[in-house]
């Protein structure tokens, strides 16, 4: 592929620009998306390009502007609501969980809520406990929501388009450590699905399941394992709700071992859900070792760098966990 | 007693605001009940006259219990309103009971300490191979027995020491497990072919005349050799299905089903059956059957068959539909040889006929391939001199 | 385009009739709840009829309504048939939401009725969103957003008003101040009890209206909607009213005195309007009686409809969790 090399940030920016230019119903609103250019510089320049009507700065009112996005979607628009980070989305939980997720079902199918809510998520920048959450697993618990976690340049570029076309509320989680990620954009790809997981690396000895900001660490762990003669298969979930368990199960049926890597805390996490789904299905009988997971330590994420890194999943831990399943001491 | 909320079960009547004979209008208060939230007034919902106050002050009454009897006074200006209305409309069925949607797994009792820890995959493999888990050393996580341990145990299985005996119950179990697994997992398809053995048996008779008794050939040798040669031409039916794909056998090693005295069936391998001369094949066959019956088989003879052939023998059914022995991908059965009318060049004449049946794994081959094999076997049996 | 209320006979009887219909419906609901036909939470509108009636009569078919869990009055005034409303309260498939929502979640797409919201203040951002969408699409429509004075304490109220004023969103905020937020009197919850003043602090013009006077409400609503349609941005109406029944069915009303309730009942919207009509010779006894009988008949038919209704099949449990497409 001879594509352009761009950042994840630029990929998202292009996706937003294209969506707004193509469809008059699409507009973006959120805190500091316009004049400031976006907290993570994703929307830099877009206000000048696209105008105030389509790029709307909002006051610090998560509940109101997320709810307004929901109402506008019900009234025929296709808004992109940007919540600065998942940490602030807690202020809008009522609108997301009590309105967006329920209205189609609760109204007996009378109203759809085609709203897209983008949020930055995750830790790694020493922003301390209140700014370092990974709560996409919480949202993946709620029926009625579709949850996406683009981990590659391609997904950052194209998932938004698919999300806007979906008649249901879609939440897109962009890990803060990915915005500077660089990669080649394949010009032949113009759309992606928002339904399937992808095998990012084929392997034979153990399946490593991950998503979002943890994908890179998982791939790094796979390289370490390869040097040890262990070939790991790495799956990028891409969609956290609904989960594509078919892809995961098929892989585990072959490798017979599975490690799930999830930046959330392990208790009641997405990793717990995936593990349970493996255990309760036919994949159970293929297992040659217990299921395993690598999650964040059960602590509020600390500020000091060494402590923060100790709390988060790391390639070394992922590799060691996988090795422990393949070659137990 | 009205229900005022889902969590209200009963209340105490603490006051009557009326007496029998009083006339009330819709919305008037008739009394007060004490609930856990406090005292709440009760209203009537139609114009009426109080006939009887059934419950005395201070009584606790359950929701729906009768408190008083009233007589409606308002003439129906409109279709009768509830509550006095009899059920003209048949009461609709109660909401469908929610059937449990997903089976809730029962609580798993704690692991007794005598139970062997083994991974699900290892457990299944051990069962299929008839290998007992106890006594196996586990090299897996938590010291569990895993697939590698079972494979090691299977490979190291000592060849039957010639002790002249075997455990028929254990054998039955192992066969049962293997056959169950086969039927469960392998999508079998079957093809049959009636084969005229006139030429073959005639040739056999002539051939045996010129041989010493110890080297005389049995029809089984012809069937085996013909099958082996056919497989050389149709290798897709000679091999194993493991880990989701077909692996061709490295050589044609036919497992010949031998029945044992006391019940039991064993199918040790005749190695490289396609390369053996009929004489050599016959000798090996005799040897194999004898050692099978006395318990002197080698483990390689047990592990190596790339296909199984079973022959029913003299006084038996005319065709057999055998079950594939996993992980092989095909099985061939020969019924008894019977005189049957046979059409040749437009004329009907009696011939010795055997029905050959192929059972094959549809994941690996299809009817076309299977038919090819049977045709090859037939062909070879029509040219016995070339066997 | 200005919409002046035509106070002719038909219109006036229409207003009275709507209020009588709402009252009759609510009374029946109380009875049915006590007989366990209606379950869950039930919040009745007795005493506040003038507000939904007055506002709704000023709204057009293309306008949108967002209401609260005490929304039977809004639903009936908006034209949602009593039959599908009652069936919804029964939990029947024939209900407006297939029995999914019950009393607190009435939705009607064709009448642009967006609930029915059980979270106090939860509907305000939705109303803002609808209004924003309409404005962005160049429509001259308005969104009427009903809420109680309790909602005024939630952050969502303040966030929404600020944003609505900032974006000149065509929202008509209607506060039904019935003096009690469940069991908490106004003065115990509000440092500033003048609700209209709160809206004014966001730059939103407002009016305080006697919520027991249906004409006053209609006039105020008309004036506000004219301003909205003229592009002047959101407007606020605080309607002072009173709730004759308890907050919900299981409420001993320990927080207010019985004679206070009786005092308000005497100056309730129906009694007051009917009295005024009769004194002014604008309506006669027999006309009012006919309205009452018609209302009772309509309610009875609604009950019959609900009783005869069916239950949504359990197999449809997961239907509409996700939508295959946006309904046209």
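Here the chain labels run A, B and C in written order, and each chain numbers its own residues starting at 1.
Operating definition for what follows: contacts are C-beta pairs under 8 Å (C-beta built on N, C-alpha and C of every residue); 3 or more make two chains touch, one makes a residue touch a chain.
All of these numbers come straight from a predicted model, not from anything done at the bench.
Of all chains shown, A has the CA centroid lying nearest to the centroid of every protein CA atom.
Looking at which two chains touch through the most C-beta pairs, you get A-C.
Averaging Cα coordinates per chain places chain A and chain C 40 Å apart.
Chain B and chain C have Cα centroids lying 61 Å from one another.
Multi-chain contact residues, meaning those touching two or more other chains, do not occur anywhere in chain A. Multi-chain contact residues, meaning those touching two or more other chains, do not occur anywhere in chain C.
Taken together, the chain A residues at the contact with chain C in this complex read 27, 53, 56, 58-59, 61-77, 79, 91, 94-95, 98-99, 103-112, 114, 143-144, 146, 167-168. Interface residues of chain C, counted against chain A in their complex, comprise 64, 66, 95-101, 105, 107-109, 114-115, 117-119, 122, 124-134, 136-137, 155-156, 159-160, 162-163, 166-167, 319-327. Of all residues in chain B, those touching chain A in their complex are 105, 119-122, 124, 139-142, 144, 146-147, 243-244.
Note for the complex: chain C touches chain B at residues 27-28, 30-36, 39-40, 91, 246, 248-254, 293, 296-297, 299-301, 303-304, 307-311, 313-314. The part of chain A that touches chain B in the complex is made up of residues 254, 256, 280, 284-290, 324-325, 328.
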